[in-house]
Amino acid sequence: MEDINFAKLDMGRKDRTGFPETVFCQGKADEHLAEIFCRLYERNGEVLGTRATEAQYRVVHEALPAAIYDKTARIIRAGAENKELIGNIAVCTAGTADIPVAEEAALTAEFFGGHVERIYDVGVSGIHRLLSQTERLNAANVIIAIAGMEGALASVIGGLVKVPVIAVPTSVGYGASFGGLSALLTMINSCANGISVVNIDNGYGAAYIASQINRLAVKGKVR
Amino acid sequence: MEDINFAKLDMGRKDRTGFPETVFCQGKADEHLAEIFCRLYERNGEVLGTRATEAQYRVVHEALPAAIYDKTARIIRAGAENKELIGNIAVCTAGTADIPVAEEAALTAEFFGGHVERIYDVGVSGIHRLLSQTERLNAANVIIAIAGMEGALASVIGGLVKVPVIAVPTSVGYGASFGGLSALLTMINSCANGISVVNIDNGYGAAYIASQINRLAVKGKVR
Amino acid sequence: MEDINFAKLDMGRKDRTGFPETVFCQGKADEHLAEIFCRLYERNGEVLGTRATEAQYRVVHEALPAAIYDKTARIIRAGAENKELIGNIAVCTAGTADIPVAEEAALTAEFFGGHVERIYDVGVSGIHRLLSQTERLNAANVIIAIAGMEGALASVIGGLVKVPVIAVPTSVGYGASFGGLSALLTMINSCANGISVVNIDNGYGAAYIASQINRLAVKGKVR
Amino acid sequence: MEDINFAKLDMGRKDRTGFPETVFCQGKADEHLAEIFCRLYERNGEVLGTRATEAQYRVVHEALPAAIYDKTARIIRAGAENKELIGNIAVCTAGTADIPVAEEAALTAEFFGGHVERIYDVGVSGIHRLLSQTERLNAANVIIAIAGMEGALASVIGGLVKVPVIAVPTSVGYGASFGGLSALLTMINSCANGISVVNIDNGYGAAYIASQINRLAVKGKVR
Amino acid sequence: MEDINFAKLDMGRKDRTGFPETVFCQGKADEHLAEIFCRLYERNGEVLGTRATEAQYRVVHEALPAAIYDKTARIIRAGAENKELIGNIAVCTAGTADIPVAEEAALTAEFFGGHVERIYDVGVSGIHRLLSQTERLNAANVIIAIAGMEGALASVIGGLVKVPVIAVPTSVGYGASFGGLSALLTMINSCANGISVVNIDNGYGAAYIASQINRLAVKGKVR
Amino acid sequence: MEDINFAKLDMGRKDRTGFPETVFCQGKADEHLAEIFCRLYERNGEVLGTRATEAQYRVVHEALPAAIYDKTARIIRAGAENKELIGNIAVCTAGTADIPVAEEAALTAEFFGGHVERIYDVGVSGIHRLLSQTERLNAANVIIAIAGMEGALASVIGGLVKVPVIAVPTSVGYGASFGGLSALLTMINSCANGISVVNIDNGYGAAYIASQINRLAVKGKVR
Amino acid sequence: MEDINFAKLDMGRKDRTGFPETVFCQGKADEHLAEIFCRLYERNGEVLGTRATEAQYRVVHEALPAAIYDKTARIIRAGAENKELIGNIAVCTAGTADIPVAEEAALTAEFFGGHVERIYDVGVSGIHRLLSQTERLNAANVIIAIAGMEGALASVIGGLVKVPVIAVPTSVGYGASFGGLSALLTMINSCANGISVVNIDNGYGAAYIASQINRLAVKGKVR
Amino acid sequence: MEDINFAKLDMGRKDRTGFPETVFCQGKADEHLAEIFCRLYERNGEVLGTRATEAQYRVVHEALPAAIYDKTARIIRAGAENKELIGNIAVCTAGTADIPVAEEAALTAEFFGGHVERIYDVGVSGIHRLLSQTERLNAANVIIAIAGMEGALASVIGGLVKVPVIAVPTSVGYGASFGGLSALLTMINSCANGISVVNIDNGYGAAYIASQINRLAVKGKVR
């Protein structure tokens, strides 16, 4: 643990868990952000930050020129190029408006070393779009199902496959979607087997647990 | 309007709307219930009451021997036998626990003169159960989609058919289903076209509007 | 189904359901929006998009000069002029602030080929405004009832007519209206018969199902 | 103030406010209840208790034989017979299931010396039932409007009269009525003028403020 | 009723209820607002509009130079100067941040012809501020109690006086005040007698019903 | 820590914190309850259990004859007689229905060695009941303020004293009290200084922290 | 799919997913329950039903004498004895009252062929109880973390291990636990990595996905 | 009490409670703010205001040049330099984003004369960060535990120490954190002993009650 006054960085995380510590950029002060990125990059040779604004990226990039930015995913990365990617994680969305959350998940999963299959705009209101992807779904070790509005995608996928489904409700919608609460409740109440849920818009969190599962499937338990 | 002290019965309803007034039994005092059933039966030659307990049925039956009781649907009926049934209303449920609400809808729709197709236990977690019924769904003038838990059935049906879907959330579920609130929100937020929603467990209400639509499809607008 | 990378367009929808696919503009990226409008216009000779900002309109208009914009309804349309309009759909509002949602409904219904009667500012706090419109209400095949605040309009209309009422709660209000939740609950709990409900501010959704019902009333079921 | 150990009785209330202290029976221990009734009866020559069970009545009656019980209103009274009743308070209900709350209000208002007009089962889904009572409504100094389910009654009455309307939401309903929350929100959001709201099922509270207003209308402000 | 296309103005309201129709400015289009103010001013010789922005005032003032604006209350008025004010309405606030709602109430009550006593910053956390005003409170015919945060003011006033209290929850607060919901629940659940509640921040609505009560107290019931 | 299979008892708690481990009886199996009481009594020479039913008491009493039961507080105690009680903890309630929670708090505080002053039925709707107790309130080191319904008691006490107030919302109430949620929100939003809040009906929790504060006031910090 | 009138049984599930169909007993009619158990037992040679009452067990046992019942877990099983159990699934609870949900999870996981480690009563309020189990936690392929009240257990475990954590909120608690909602929100908002959540009290659902993950860890992906 | 028209300042507060009146700046008009600061500074020789914007600071500074501003804590102070600070109040945060609330608490506690230990970024997802601070925690008289997201920090601290813990939920988080509601519920439902809770983001309120407790621990009860 490195105590840099305003924060306590977990420098041993990569050795301990296999995945390095990442940065949740939202709400962090500019002066802190640059230092955190640099310290982690020094220690791990790579670093990833989520929920970053473009302004935050410019601050980080000044201090760490290796940093690049993905606008859709709102992710800052450095030093994670050309990884060998293992296994198979399918990232599915119900609609096109869910893509930012999906890209946050996909880039995170790739940063943690997983191969990702993107399967977008396959929402249940046109079920044949999803059914035509059954083979790709069944090839995955774990599936991330991302949907806003009524969030029914996870239930239908859960009924089609035999691997775990990590469901991500999104804040896409209006009116009684209540910022994603409706989709969250749908997914938590799913009558399908093999589904568990992370926070609204939490593409990162879904990718983390999916990466753990994908690693277990490829390498088994390594202590 | 007939004012019988404790209530004001709408005796002109059948002439005015084509459907006679019915009785919402829940919370009505025994002494009132019997009188209301008798008055409406006298006037219309038929009567239907919903949300009736068996004890209420015994009270009504004493006063109106023609009354029969359906325990699953919790409906008391009299004088509605051997109707000619027109059109086609499909009543679908996600699971077996939704059947009581479905039977409330089905018996009500038949009381109002509609032909009913029952399509039960076709929830989205095993999507092929539903897909195998596509032909029957497409034969209907209007579809009632009944589901508890995550309530995703309506969205999937909405994407498969071209006729209106009346969605009924049910209180089937536990935990974060919050007595049907989760299913209600799912249905209200549906991304599919052609779906509107009635109250939780309101099989009667769905059947009423479905009967109006079925009649419009068969007879057109009659003034 | 046409897969244009970021989206899967349902090109067969018009043949299958009679109504062409439309565009939900909210949250779509500019570069995607223009392409989607053009593809659908090419395929169907007409296109409609809802919840469009003026900025989005300018983007679409650049690529598709036939597009026009209705500021109140926030709708972009192209190629839907001079349609023959059938049947009769009444669109009612409780107040003047509900008119944007009403115009979204009315323009959508006209796009889908229905004749629309606009009956605005007839809220229940001055019941005689509504009663004076009884004849126009009774002439409709289906009624769309739009109200914010306490949302009581649908119940009163439901008691006056014999045709289905599609209720649309709006986010008009303040304080305990909770962005339309109050009106939604009022409508879902309506004690009147023949009412079903769509999402808050969902003029489009109400118009879609009303158009299905209007078509059934005029043409009967066509397979 | 009389301190009887487990409670502090407000013996000066009748002199101070014109209305004697009453007893909220719910949740009170049997041994306490009898003593409270006797003390207040001794002091004021009359006493009224609300939300009393029949078992509580038997306990009170044993100690205070003058006590009588109204089962519908769940009210225990003693010594309040043959009062001269002044003014005019209209008590209206939407349905028959709201009558228990209405009778709690009516008996309370009579106990506080007001003349009561009962106007029951005039809910908005059959608006002509209410319109036929316009004259009686307009004769009142103040109106209590009681409704469950969607609770729209208060708004419509508010638009018909020029006197204050005290709205009482009831827990009558099911599903998304959420124990009266829906009706409460409807009434609080009313777009009609001259409406204020008390707690769900609080017939007593509505009667208290209505009695204050009725007294002001008859006697003006008396200090 | 005057139908000016986008709205239906209630021109007979002043004759019918004694109080002229007023304008709820929020959400109204500029072009509509000016016309509504002019029409009502022509008809009634006075007009009042609530929830008006300064920009809206400028639009109205251009068309109706007699209009003046109160920035704190966000009220536009014309032609209501030098009224004889009758009776006594006390307007109380818990804190200084509640003053805008209080001024909306006070100016409205004065517009409707009532004399107003302003008693501000007397919240219950320093109870002696309120107790020192007991005499002024007891001089009123009706009291408007305005409070945000925990909203306890109404209960304490209700215990001190014998006249009706109209409680107004405000959105003043943060965190778990949930935009005034907390204060609303406090007031609705008040254990004090003689309290009823209007919507969050609804100073106008409280003033309307208080004006009705004040008029009853001064003039009795006038038909 | 003693591991007795189904539970892990914290035998060192008394030495570590000064207060022995207690038993939350609700939901515990009978066979477990008796053993837990006996083990803790053996270790500490005293034991206290909260939220115990009479049936649970009989089970415990069989195994531990020293156990006695307080029906109002629903507390089982053994071996805690004749303690010397230090300091001064005031336990106040708004109404008589709050007494069970108050007694849970009072008996717990006495078990932990504090002297308790009971000040019951001093709710804010009759503020003089509370003001007459000002001297007793000011004599306390810490005050527990217990109230249901609108829960305003804590705010008023907070304004009268200079010591900490621990507020306990209770589930006493009906309708929009939502099982104590209303009182909880009131207390959390209190505008008075020196107030913090525990869970609904959590008399035990309030007594625990009050006992810590009372001990600090009498003995200072002891390590 | 076998259609037995009232239900559609998924007979191919075991072949397709490796896990046979199970029975959710809650709300099922007695006559249906026995038949469903028998059919599934015939087909798969084993059967498991969750949320079963003792009365339901007696009905099933009559028809299927091989059935046994676990009262704590409320599970009916037949034919699942002496399985070889693979891998390692840790089932942890915060308190003793969470054990029924834990046993539902543990028995289900064992039915699906997983080895289970039970680690009960290790809630975060006594963190050393949990820390002393770190070695056992780290030996698991996947961890099920079960907690009611504030539900913090999952976050702390998530920070200690490198394998996925499936969090189960329980309805254990009172007051503001709102039937498990509080624990659900805690778990969904966890700041720890590698956590996803199932429905309140859904031990079965957690065991299902944990069994999928455990199988992946032991056998890798098998198609 | 000094009545300055728009407000009633409590000038005797410092004498009465030991702590001078402070200013809640949010929502106060500029012209009022300057006067309030000056009056309080004159009377007490020191003044502190919370939730102040930089713009408000400039207004105050103009009138009161002694005023200084802390941007992180959003606090304006004057005349509180070089106080002797007594006792020991530990202020802990779960993450770095909680620091603004923590600084509001810390500066307030110092203003009221307490010595503060800052222990930041010790959230439960990396429990060893917190455990390494056990000694500092145990040295405090009272602990303020500040956390957003799932808010589990307070429970874990409560299990580690023997002094009171004042828990502050923060609005840090996203999705289902619902602006701090999730953390609030977690803390209110804490299964640890010795925890009570203040409003979301209410660093000031936590510091006030902690200062009372700290003073009791150092000086005992002073009347």
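To keep things simple, chains are lettered A, B, C, D, E, F, G and H as they appear, and every chain counts its residues starting from 1.
The rule is simple: contacts are C-beta pairs under 8 Å (C-beta built on N, C-alpha and C of every residue); 3 or more make two chains touch, one makes a residue touch a chain.
What you are looking at is a predicted structure, and each value in this text was computed from that prediction instead of being measured.
Enquirer: In this assembly, which chains make contact with subunit C and also with subunit F?
Expert: Joint contacts, listed by label: D, E.
Enquirer: Which pair in C-D, A-G or B-D has the same interface as D-F, with over half of the contact pairs matching by residue number?
Expert: Selected from C-D, A-G or B-D as the counterpart of D-F: B-D.
Enquirer: Which chain has its C-alpha centroid farthest away from the centroid of subunit D?
Expert: Most distant chain from subunit D: A.
Enquirer: Could you tell me which chain lies farthest from subunit C when each chain's centre is the average position of its Cα atoms?
Expert: Centre of mass proxy via C-alpha means gives F as farthest from subunit C.
Enquirer: Once you count every C-beta pair in contact for both, which comes out on top, C-D or F-G?
Expert: C-D
Enquirer: CA centre of subunit C versus CA centre of subunit H: separation in Å?
Expert: So the centre of subunit C lies 51 Å away from the centre of subunit H.
Enquirer: Mind checking the centre-to-centre distance between subunit G and subunit H? Centres are C-alpha means, answer in whole Å.
Expert: That gives a centre separation of 43 Å.
Enquirer: In whole angstrom, what separates the CA-based centres of subunit B and subunit G?
Expert: 36
Enquirer: Which residues of subunit E are in contact with two or more other chains?
Expert: Residues 126, 175-177, 181, 184, 188-189, 193, 199 of subunit E touch two or more partner chains.
Enquirer: So which chains actually touch one another? I want all the pairs, not just one.
Expert: Pairs flagged as touching, ordered by label: A-B, A-C, A-G, A-H, B-C, B-D, B-G, C-D, C-E, D-E, D-F, E-F, E-H, F-G, F-H, G-H.
Enquirer: Residue numbers of subunit D touching subunit E in their complex, please.
Expert: Per the touch definition, subunit D meets subunit E at residues 16-19, 88, 138-139, 141-142, 162-167, 184, 188-189, 193-199, 205-206, 208-209, 212-213, 216-218, 220-221, 223.
Enquirer: Which part of subunit G faces subunit B closely enough to touch in the complex?
Expert: 1, 6-8, 10, 26-28, 32, 51, 169, 171, 179-181, 184, 199-202
Enquirer: Any idea which subunit D residues touch subunit B in the complex?
Expert: For this pair, the touching residues of subunit D are 96-97, 99, 120-122, 126, 128-129, 132, 172, 174-177.
Enquirer: In the complex formed with subunit G, which residues of subunit H make contact?
Expert: Listed in rising order, the residues of subunit H that touch subunit G are 94-95, 123-127, 131, 149-152, 155-156, 158-160, 173, 175-178, 181-183, 185-193.
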